[in-house]
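Take a look at this one; I'll ask things after.
In order of appearance the chains are A, B, C and D, and numbering begins at 1 in each one.
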Amino acid sequence: MIDKKVANVEEAIMDIKDGDTLMLGGFGLCGIPENCIAAIVQKRIKNLICISNNAGVDDFGIGLMLHQKQVKKMISSYVGENAEFERQLLSGELDVELIPQGTLAFRCMAAGYGMPAIYTPAGIGTEVAIGKEIRNFNGKDYLLENAFDANFAIVKAWKGDTAGNLIFKATSRNFNSVMAMAGKITIAEVEELVEPGVLDPNQIHTPGVYVHRIFQGSHYEKRIEKKTITV
Amino acid sequence: MLDKEGIAKRIAQEIQNNSYVNLGIGIPTLVANYIPKHIHVCFQSENGLLGMGPFPKESEVDPDLINAGKQTITMLPGAAIFDSAMSFGMIHAQKIDLTILGAMEVSEMGDIANWKIPGKMVKGMGGAMDLVASAKNIIVAMQHVNKAGESKLLPSCTLPLTGIRCVKKIVTELAVLSVLPEGGFQLLERAPGVSVDTIKKATLGKLIIEGDIPEMAFN
Amino acid sequence: MIDKKVANVEEAIMDIKDGDTLMLGGFGLCGIPENCIAAIVQKRIKNLICISNNAGVDDFGIGLMLHQKQVKKMISSYVGENAEFERQLLSGELDVELIPQGTLAFRCMAAGYGMPAIYTPAGIGTEVAIGKEIRNFNGKDYLLENAFDANFAIVKAWKGDTAGNLIFKATSRNFNSVMAMAGKITIAEVEELVEPGVLDPNQIHTPGVYVHRIFQGSHYEKRIEKKTITV
Amino acid sequence: MLDKEGIAKRIAQEIQNNSYVNLGIGIPTLVANYIPKHIHVCFQSENGLLGMGPFPKESEVDPDLINAGKQTITMLPGAAIFDSAMSFGMIHAQKIDLTILGAMEVSEMGDIANWKIPGKMVKGMGGAMDLVASAKNIIVAMQHVNKAGESKLLPSCTLPLTGIRCVKKIVTELAVLSVLPEGGFQLLERAPGVSVDTIKKATLGKLIIEGDIPEMAFN
């Protein structure tokens, strides 16, 4: 097997530099790559373009990067729940491109599947369609949307092996597995890193060929955005 | 006049047996509480889950298991997890039978605006544009008028659109209305104690009233 | 949960009729829907268009349907290993459309993902491209290939539950999971059918929403086409 | 002159450490037997497997586990299973570093024909058109001349093409040749005991010979 293991988060992110485009997995705060985000914050890498469904909250997730003004542009489907984000956006410090959530997912998948672009009906008749190519198939209009082209995809998995195979838990899979396929370099942090042969080949969500670096993360906080319980 | 729970309860009656349903944030989420026992329904959450169950007990809370509203949830027996691409794949392939979502405005052509108010901070469309572009059946749950007292059922939307010609039915605190393919809101039912006249005054778009309009029935 | 269980194979295929387009899962003889094929053979449904990577062998798999002249057209990537197939093709009784294997997979996936068409580089510069739209993205040419539109997808899984969730074993997953997403009606036969809740939601390969009918198959022969061993 | 095993052995030297490789049917399959111990390689089988191992022992045979040549196989520790769409997805996304396959003809521009002979029963292209359309590096394993004694290294292919401008290197029983980006077969190595003249006679396409051509080295 080809060994993808790196020693730690510092080694994993060593060549991320100012101005890079990063995909960051997660939905809300669920399944976000906490260790990599912390290391990027600590390294103060600047002018990043971040492709991520959300932008974290004020003091967690991508919010930590925003707080340090490390992000030049966000490409997301939903960026609520973040006052600092709003301030930077209104002041012009931050650029944001809002795209439909499915389009976000498909543009990742297209990159991982070698498709240069895909057709989606999402956004037809709305401002999302402005300037984009529209094509009718079988009586229905679709937008042509290009595959993403990101320097790095940074994802968080539940289990992984040193061959780079990943397994995600419950809804923390979300964008993690589609982004894992889509980075020029894919970095995976996992809660549990095992030797090849431990994980069932039948249950792998992301085959190791898509993953370039893997390390065992630590101190996962897994903050819950909206804890809702049945009394 | 209905409260939010009443709107949810009325919409729950619309759910067909053996259907896959996606519930938006807000009133639509409440619909799950009023599904009749004999109706089998499977809820999809577009962040990657089919078979969403009720909110967890304190001891069951799992940060890795949330719905599209970012609330902690549970899974029912027979649930399935998938990634965001497959989730929107099944939405676009029309495997989801019904989408219930909120709106700021609906036009008499079935256009919907529910994501952006010019001049205000825009949070984003999330999965709404995907859902309205593809769902076979879309029911909007909303107030009939906005806080300024202006009708939200319009000849055409004034706010930026989320999708076009997609809303099939609207349930408000005042009425149930269907959107006709040729345009227009056909009044189907009045909320308890609400007159046709009240609905007329609250509806700016073309309102079609044919024969007697029954009051909603709840059991 | 929504119950997809049907009593038996006869009920599962009850409305397949002459002239229908069927997708049939499997690669070679690995993971083919043996029970459904046997029932279609017994019912002598005619003029079928079959989308399947291969065409079986003389006396097994789709070869059994060919033997009875039930197939009008095959859409496949590779149809060797079948003398009766060759005879019918040369005599003009059978039509065949050969397409690249990836194109076959992507056209299924497109149907399951609501994409009207996809772009693939496979076949550029070859006779496969004749009459098709070619488009250049970033300096590379791609063919536009339409999503399949099949009346039925017929797949075979290892385990399934009555909610229609499927798990495939090893390389018998192949086209089964992509076709399962793609049929107007998807019929799944499984080696082991269980109640909802038995299968781990995290390990489902095909979510039940894609499956319309499921039944427990029997008497799987699982014939091996090329048994190859290390002595 | 090399036999099939020799061709496979020579191609095995081309495999880089830490690479993902797809092996076609025939001679390419034999390459797996000659990978040096210190080279880490992961074999993809396009029917949905990364981490393909050797053929099974009799007791290990599993009809649900085959390679793209439909032979029973095994999985190595760290293997992963996926469906056909993802398999060709990773091929088209150029995650597979090297494809080794057979050919009927190769042109001096790197075009390849390996799937169809007019007038003969056509079995199909299988995954070959996908592989040659996308692989970063393609090595062809074939005989230098066909059974009629005609060169298979041509100015342009006469048989229906599988892909264009894609072959990077060719290993035959006579020689190792690279296909130059501007066209032409550059002779890199001679097989043991084979003269440059023999290779010249067997090559109909433009053959480029610069300096002394070394004999292949095997260790």
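Going forward, a contact is a pair of C-beta atoms (placed from the backbone, for glycine too) under 8 Å apart; a residue touches a chain by one contact, two chains touch by 3 or more.
Everything numeric here is computed off the predicted structure, so don't read it as measured data.
Peer 1: Out of curiosity, which chains are bumping into both chain C and chain D?
Peer 2: Neighbours common to chain C and chain D are A.
Peer 1: If you tally contacting C-beta pairs, which pair wins, A-D or A-B?
Peer 2: A-B
Peer 1: Quick one: chain A and chain D, Cα centre-to-centre, how many Å?
Peer 2: 36
Peer 1: In angstrom, rounded to a whole number, how far apart do the mean CA points of chain A and chain C lie?
Peer 2: 33
Peer 1: State, to the nearest whole Å, the distance from the C-alpha centre of chain A to the C-alpha centre of chain B.
Peer 2: Averaging C-alpha atoms per chain gives centres 29 Å apart.
Peer 1: Centroid from C-alpha atoms only, then distance chain B to chain D, rounded to Å. What do you get?
Peer 2: 56
Peer 1: What positions in chain D touch 2 or more of the other chains?
Peer 2: 49, 75, 81-82, 85, 88, 91-92, 134
Peer 1: Spell out, as numbers or ranges, the residues of chain C touching 2 or more other chains.
Peer 2: Residues 106, 113-115, 120-121, 169-170, 201-202 of chain C each touch two or more of the other chains.
Peer 1: All pairs of touching chains?
Peer 2: The list of touching pairs comes to A-B, A-C, A-D, B-C, C-D.
Peer 1: How about chain A: which of its residues touch chain C in the complex?
Peer 2: For chain A paired with chain C, touching residues are 106, 113-121, 137-138, 140, 142, 146, 167-170, 201-203.
Peer 1: In their complex, what parts of chain D are in touch with chain A?
Peer 2: By the definition above, chain D touches chain A via 18-20, 40-42, 44, 49-51, 75-82, 85-86, 88-96, 134.
Peer 1: Show me the residue ranges of chain C that touch chain D in the complex, using the header's touch definition.
Peer 2: 27-31, 53, 76-80, 86, 89-90, 98, 100-106, 108-109, 120-128, 158, 169-178, 205, 222-230
Peer 1: Once bound in the complex, which stretches of chain D touch chain C?
Peer 2: My answer: residues 45-49, 54-58, 61-73, 75, 81-85, 87-88, 91-92, 111, 121-130, 133-134, 160-165.
Peer 1: Of all residues in chain A, which touch chain D in the complex?
Peer 2: 1-3, 111-115, 161-163, 165, 181, 195-197, 201-202, 204, 207-210
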